[in-house]
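This report refers to the structure that appears directly beneath it.
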């Protein structure tokens, strides 16, 4: 059975290591914060200028001056720090963020990602995504395997304008966990009950299959 | 009669305008702070990271954590601010300092300055002087007209390694006030009782003399 | 030198049609509400605006877009604004979308007297078109130039007569960068205090960067995404 | 992850011969006294040190020079140190003197992931020899590369377990820049506090840049130029 978005987030949370500084994008990536394993301390960065992002405020304690990059009201934690946008992207560019999780519209088998523009249709801008994908060493994409109309979002090459080239390291979808290797998409895990054949059918590029492919365990 | 170093500082203080941000180098330039005209408010920058440098502390109140670029204990004033060295030189490079006063070993008629090195003899380093002279729009050199051995410090071209090129706008010495123009040293004022002839004799480049040359009034 | 302006109208009085303005804020957080209102009231036109976002339809820079005061918008994310999208798709509005870190660093470059910076953001994308690419240590970077702006308009929490500013929490964002980056900087503050009331050791923007300052009024501080949790048991 | 070191010996334990170290401070103000003492005690050799100054003969980096632990010194001003001058003129010590703003900005470039920066400092001087010169808007700039350092050793006033640092007054200087710029950063602080005791809004160095932190002891805080005035009447 395919994973729902919460389960995708839960699977990604298994990638967290103690002491990681993590940037979570808007959408499914944000949910990863709810599944941080016990005993693992991670510090969440919000690129508008905060390290140590805490949970949403208690009702009535919202502060317009304290938001995350998704413009949501949030809180700080003991050990938090606030800084300006240049320092924020400074720490991103200099590789201090250990893990970046973001959504995508398309990912290609060489790790290109497209998630900011549909020509003539959607013009929202790239925000901080281009800086993040150009700088982070460890980028995981969280997304549905196919578009609402059933098209594969995993492709030989992206059709939409790119956000970054050769940058994605891993993809976690509702169907599978896939690593981007020098030779293309390598299937690491599959959703419980989902066959390799189904994943291949919904992937518009060849999957590398080596040995037994275990089911995703949550 | 030639000016002493206090009078040189006093003459330079006449160049201050209300609201100026000023960087004063070590030596005679530092003394300028003692002659700020009444009604003129200037803010002194110390390039180690302070705007609004105040006077020396009252005896017993010295704080090792509060020094100026000459490593002297100082104080802050109401309206002061502290910042790191990158921001300090950021404001210098972006031209926010209205006036820079520094000493020199040599100045040439095209505005080159040498003040950081005597090859094989003195190796102290340039500190912030190269940044200051490369960035400031308004640079006044405060120095004796001649070296202790009587050599002119105003030259056709500098013999010592340069600190910066084409940057000095004005020179105030014990003998004269000289402007650097596109055509060379232009004599603006002379010390009381000092003749134009004496100044020319002690200057190793031609002086431009236009009209009456008034005496320096303090 | 007196940096105090009476109010927003006074502070913006030298801004004229066709100029380039930087406006601080991230979304609606930390935006100069008073000055935006004054710009709308005065009806200054053909502006080039540099700001991370373009407000929402009825607040922030969105108010200036409604009045068609903006000729060109330089921003990183504009997804919150339908009027913006309409003007863009119809060709009424010129738009340059650039990566958020590039936006921040091009401000910093201007403030720090650096004519250009190198960033990897946008390499291999349409952002790189027409730009110089340079390889350092095997990695490609774009050469991006410092912004040139006539005015920066920023919002701070507290400020003093010398122009020193401190910001509150994530309302800091682009404000201190833009404050350093323009020919003239206007700061509106929630609370204007006397010199000496702010600790010199905790100033975010030193006064040297600020030419005009005033205490704003009636801050709405609209929240875009009001997210809360229930009180824990 | 635990960033706490027991003391200076513990904090510097991974530093080895031949590495490049950044050391914070301006003159003797804001220098990491405890770590310097530990480096001297351990006798690590062939170091390349990046620091604005080289201490005085019997304090600061001067102590490491006395023990001939420094192979190369990168600094902007070294006029306070006779042993330094002796080693330099005798050829025992390799020295690179660079403008102070260039030193600061090359640190910042490393911390901000910018491989190089442009500065006008040194154009037309021997500092420009062998360097790329580029003209922007009619003005010449040198291309200066970001520093690469194995360790940064900084001194702060207060720090917490997350590695957040605040500095006191002009003891800030190069410390926050170097803290961002090396592969590994060691911070010694006068007062180590629990997370939550420092106001997030007034942190000078966010903890992400700091890998090891400890509370130093016995700070001498030597003053180079004790200048005072008499009490006013």
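Letters A, B, C and D name the chains as they come in the text, with residue numbers starting at 1 for each one.
Here is the rule we go by: contacts are C-beta pairs under 8 Å (C-beta built on N, C-alpha and C of every residue); 3 or more make two chains touch, one makes a residue touch a chain.
Quantities reported herein were computed from a predicted structural model and do not represent experimental measurements.
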Chains touching both chain B and chain C: D
Result of counting contacting C-beta pairs for A-D and B-D, higher pair: B-D
Taking each chain's C-alpha mean as its centre, the one farthest from chain B: A
Inter-centroid spacing, chain D versus chain B (mean Cα positions, whole Å): 28
Whole-Å gap separating chain A and chain B, where each centre is the average of the chain's CA atoms: 56
Where chain A and chain D are represented by their mean Cα positions, the distance between them in whole Å: 37
Centroid distance [mean C-alpha coordinates] between chain D and chain C, Å: 33
Contacts with 2+ other chains: residues of chain D: 105, 112-114, 119-120, 168-169, 172, 200-201
For chain A, residues that touch 2 or more chains besides their own: 50, 76, 82-83, 86, 89-90, 92-93, 135
Overall pattern in which the protein chains touch one another (line/ring/star/complete/other): other
Every chain pair meeting the contact rule: A-C, A-D, B-C, B-D, C-D
Residues of chain A defined as touching chain D within the complex: 18-19, 21, 41, 43, 45, 50-52, 76-83, 86-87, 89-96, 135
Residue ranges of chain C touching chain A (in the complex, touch as defined): 26-30, 52, 75-80, 85, 88-89, 95, 97-105, 107-108, 119-127, 157, 168-177, 204, 221-231
Complex contacts: residues of chain C adjacent to chain D: 105, 112-120, 136-137, 139, 141, 145, 166-169, 172, 200-202
In the complex, chain C residues that touch chain B: 1, 110-114, 160-162, 164, 180, 194-196, 200-201, 203, 206-209
In the complex with chain D, residue positions of chain B that touch it: 46-50, 55-74, 76, 82-86, 88-90, 92-93, 112, 120, 123-131, 134-135, 161-166
